[in-house]
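Chains here go by letter, A, B, C, D, E, F, G and H, matching the order in which they are written, and residues are numbered from 1 within each.
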Amino acid sequence: MGMLIETALDVAPLTIGGREFRSRLMVGTGKYASNADMMSAIDASGAEVVTVAVRRVDLSRANDEGILHHLDPDHFFLLANTAGCYNAEDAIRYARLAQAAGFNEWVKLEVIGDAETLLPDTAGLLEATRVLADEGFKVMAYTNDDLITALRLEDAGAVAVMPLASPIGSGLGMLNPYAIRTIKSRLGVPVIVDAGVGTASDACVVMEQGVDGILMNTGIAAASDPVRMATAMRQAVESGRLAFLAGRMPRRETAVPSSPLTGMLGE
Amino acid sequence: MGMLIETALDVAPLTIGGREFRSRLMVGTGKYASNADMMSAIDASGAEVVTVAVRRVDLSRANDEGILHHLDPDHFFLLANTAGCYNAEDAIRYARLAQAAGFNEWVKLEVIGDAETLLPDTAGLLEATRVLADEGFKVMAYTNDDLITALRLEDAGAVAVMPLASPIGSGLGMLNPYAIRTIKSRLGVPVIVDAGVGTASDACVVMEQGVDGILMNTGIAAASDPVRMATAMRQAVESGRLAFLAGRMPRRETAVPSSPLTGMLGE
Amino acid sequence: MGMLIETALDVAPLTIGGREFRSRLMVGTGKYASNADMMSAIDASGAEVVTVAVRRVDLSRANDEGILHHLDPDHFFLLANTAGCYNAEDAIRYARLAQAAGFNEWVKLEVIGDAETLLPDTAGLLEATRVLADEGFKVMAYTNDDLITALRLEDAGAVAVMPLASPIGSGLGMLNPYAIRTIKSRLGVPVIVDAGVGTASDACVVMEQGVDGILMNTGIAAASDPVRMATAMRQAVESGRLAFLAGRMPRRETAVPSSPLTGMLGE
Amino acid sequence: MGMLIETALDVAPLTIGGREFRSRLMVGTGKYASNADMMSAIDASGAEVVTVAVRRVDLSRANDEGILHHLDPDHFFLLANTAGCYNAEDAIRYARLAQAAGFNEWVKLEVIGDAETLLPDTAGLLEATRVLADEGFKVMAYTNDDLITALRLEDAGAVAVMPLASPIGSGLGMLNPYAIRTIKSRLGVPVIVDAGVGTASDACVVMEQGVDGILMNTGIAAASDPVRMATAMRQAVESGRLAFLAGRMPRRETAVPSSPLTGMLGE
Amino acid sequence: MVNGAPRQLAPRSTVGALLGTLGIDPRLVVVEHNRTILRDRDRYGTLPLNDGDVVEIVHFVGGG
Amino acid sequence: MVNGAPRQLAPRSTVGALLGTLGIDPRLVVVEHNRTILRDRDRYGTLPLNDGDVVEIVHFVGGG
Amino acid sequence: MVNGAPRQLAPRSTVGALLGTLGIDPRLVVVEHNRTILRDRDRYGTLPLNDGDVVEIVHFVGGG
Amino acid sequence: MVNGAPRQLAPRSTVGALLGTLGIDPRLVVVEHNRTILRDRDRYGTLPLNDGDVVEIVHFVGGG
């Protein structure tokens, strides 16, 4: 059995860099126990954008592990990342290699500043964003939750800014809602929260800040049941978006009855 | 356009007092701008259980405002409440009147202790629960988030215990997740969180505590767009339930990369 | 070296049941590694009120462990508790035994409802409060954070109401600031938060809700360095009290400079 | 009346850039209703370091408002800031002018990136830090809560790194404890939290993260009673420091009694 | 007294007649007569109302 | 029974004698005799203990 | 050097031949030759590999 | 220009004379002359001011 969700409730689709996307939930493809698990979870997530990493082909392995054996590039939008790059030069090299694969000119740009926290090096990130944007790349920049960096990334030509909720793979949820809200309120390009979402309510409350979408990987892949969690995440993202658009009730410190005060019986 | 949610992902339906319910979201019918708005929102919520209050017919009004002119009792499960009652005797009287309407022997039992906060009087609540359960009522008891009271209510024969997230109509969300989690872990009867849910993420995080369902009214009725919020709430409740069942990833204070550390390019 | 704190800043001392107390921090005497550690920590805490339990003399032990060998009843105000009692009758019996010791007619009344959480049984608590208050006891009632119960305890004659911050010995801090604040705003008798304070900032933020004092035990006794933590707790309680009286600055979602905007240099 | 706080409990004093400071609380001098109020509050705070801004002498005013008419530079350590500077060049100019006043070669370096949030421009901040540290300045760098920037500031020669708790003048408290804790755990130079502390418990919990000190201005100056709040802040900073050193008790999800389970009376 | 207000009724009136006068569909309400709930709607027509009787006519309204 | 354990006492023993035998300072304890609290310590010496009496001797210990 | 490891190739080998030897489908990889990305797969067959050349063969793998 | 405003000075004026005219205690201010900071207060009296010179006189004010 199933049921119909009127997504028509959200009239405006997500548009980034001139392209419309059918889902506000983007997912990574790392850390799954098997490719079959990965594909089931991705299908359940309803994601259109899936991120992939660029790595050397392992020449010692008979059984090639390239992800294109599993992921149909006609059905998904492949967004290559530059994960593992610690300076602008490396990130630019990986982005160009990814582009040469021929799918698109998009990149999820990561320039990492520290191996322990995987937090971005914003100086390198800005430099790489400028270079790649000038070359025509559509840069989606993974960054911290600093407004000033986000503004500079927009100026540098990023088509989307991707502040973290919390460190990659931590599952700590949104550490600083104020920062995320402030970034969204000040930027013109879409804001996609990337990293740190650990469970469905994290995704829901992130979307309620008004941001345009979420990218996640570990939150789904490291759940006990990734397919079920992927479904939960899809609903949570839609739910948070709708709640944002619906306009929540005001908070009050005193109670207000839901039933009429009048019409009570007599003694 | 729409899409199909495989609710088969959640195999066990909600069962209370021997009766199966098709939705874990229950909704109130108060505070809507119009009956048409109410019906649209209730439909969007997917709720089966809808609460109603018992009040005097207003003899001075030509246009009777009885809710059965709008709500089809064949389609919804009418759950009468005893809102507005400040002692066990009154609550019992209202419950019996509701039962005499002929729909069912269920009651959402409220015995209010204070007009400002609408917090329950637990002594009166326990007394009324005992009396009504003995008469064969299926008592769903609105209570605070105290474990001991919840245990006593179960002992007194309540078929479900309904701790609040925060005061009725406040929209403050779940003030004490620890208390809700503890109640759920110790009770045998279903736990339905009642009151205080203000937005979708509140509903989602409540369900992630493992409780069996949520009852809400103002969170939907007082949103700027109740229909959209009702849809958001439906998804949030399902999402939180699925996330609970899926088993979230562990939280970590350090980052863990989503992309492989090996296979990086050489200099 | 030391320094002088002008406690004159807080003009009104704590008065409970007609008696003035020189400190708003009350401490328990359980769980210390040694009596010497206990005495050092209590001295550092600056507490006047110290709680003690009533137990059988252990006839098999040569070395009597009665706490009066260590604690001078002329210097401290001994507040006997009824810890370990699971019904009104037992609590009343312990309270009377404590009174017969001859120090005072005060009791920290506990009627426990559950061994796992040590949460109070509010029905038994109310009953015991009524009986003991009628006998002339000054009852300080350990309770949960339910406003209605707190109001009933005041009606029953308690000279102070002692809601928990979180379960005894948990160190989880104040789980529900809203509830504590609401209780304080509605009661006439002093509100002393009892149980759950795990570190100094917990104590500070509890006092900032406007309550009259705090009683703690494990937060000090189970710290790695109880004497240092006792000092921290003393300062935290005073600090929180002063901050409450001082009236904090308003919160703002936008920044406001601390230095003048005018008088900047020219190009 | 007063009492003696054994500050000997904290053996190691705060040392920054080779200089020992007698208090871990540093205060600003802006926004007071009068210079008398300011001096009373600063005295109550126990601060040694007080920040000042560099501005043009107002030639149109007979009554010069220079702060040295009120603040004795022999008693306080004057820390000039570069508030109001929006690029490295300006900040360097202000720092040099401050140095020429002849008190010391220290500067609280601010390079602001945005007038609405007063968040730092980290690129300009790093540049100015390098230049001034090379010239022999002791640079205390006001920055955001990004670990990577903090590490770069340390590399650039800052003698202290000053991450914000929340935006200047907002009083929102510590928005991201995880970030502050991470910065402290990774830096060798002292970490002084600057900006955003709104009340005493904010200060206490900041210190409990293990940071070396706090600088605040509005939290004191904009309280209803600045002198009382200054006292509260002094105690809160000491309290939080002591609690950090004392090592808090472990948190537990279940209760643990403070009184013995044995020795209960028989029936 | 009907729903808290005094009301003049015809002599030998019944619950059924009262509802009819008020234009109320009996299937949509519950009637309490002198604190006794009338569970059997078929008896409305024969249940007499006397001076000083207290009648409460209630129904379901929107509530949470 | 003294504090839950059976105890053989000399004939015509008293509460005071019991405490003496146990080496307990009467000022530091409270004694309950057959569920009655002995509030007057001066009477310990004359209060006889009989077969089957239940005595509880309690004191203050560390607690929170 | 191919993907970081020294590799002996036949004389007058090409990128295309190398991929063939390795059993790699050219459409699923990208090849970088002496830090230049080979964007035109049609030229793989004619691009000679010389002593000391550095070749990187990359593809997409799972990542977040 | 002094602190952003044009100011007419006597011929052969100096920094010291300017401060004197303004009633400013030299020990409480810092003077920047044509973007050069005057670190030596002893030289104020001999440092001539010319047409078009830009002088900034700053001091410490309350700030956070």
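Throughout what follows, a contact is a pair of C-beta atoms (placed from the backbone, for glycine too) under 8 Å apart; a residue touches a chain by one contact, two chains touch by 3 or more.
Note that the structure is a prediction, hence the values are computed from the model and not measured.
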Between the pairs B-G and C-F, the one where more C-beta pairs touch: C-F
Most widely separated chain from chain A, with each centre as the mean of CA atoms: F
Euclidean distance of C-alpha centroids - chain D vs chain H, Å: 33
Intercentroid distance (Cα basis), chain F paired with chain A, Å: 74
Averaged-CA centre spacing for the pair chain C and chain B, given as whole angstrom: 35
In chain G, residues with contacts to at least two other chains: 4, 32, 56, 58, 61-64
For chain C, residues that touch 2 or more chains besides their own: 28, 30-31, 53, 55-56, 81, 83, 116-117, 119, 168-169, 172, 178, 217-218, 221, 253, 257-260, 263, 265
Residues of chain B touching chain E in the complex: 28-32, 38, 51-57, 59, 64-69, 78, 80-81, 83, 96-98, 100-101, 168-169, 195, 215-218, 221
Complex contacts: residues of chain H adjacent to chain D: 2-5, 22, 24, 28-30, 32, 37-39, 56-64
Chain B residues touching chain G - in the complex, by the definition given at the top: 257-260, 263, 265-266
Interfacial residue positions of chain B with respect to chain C in the complex: 113-114, 116-117, 119-123, 126, 144, 146-149, 151-152, 166, 172, 175-176, 178-179, 182, 186
List of chain C residues in touch with chain D within their complex: 1-9, 28, 30-31, 44, 46, 53, 55-56, 58, 81, 83-84, 90, 93-94, 116-119, 167-172, 198-201, 204-205, 208, 217-219, 221-229, 231-233, 235-236, 238-243, 245-265
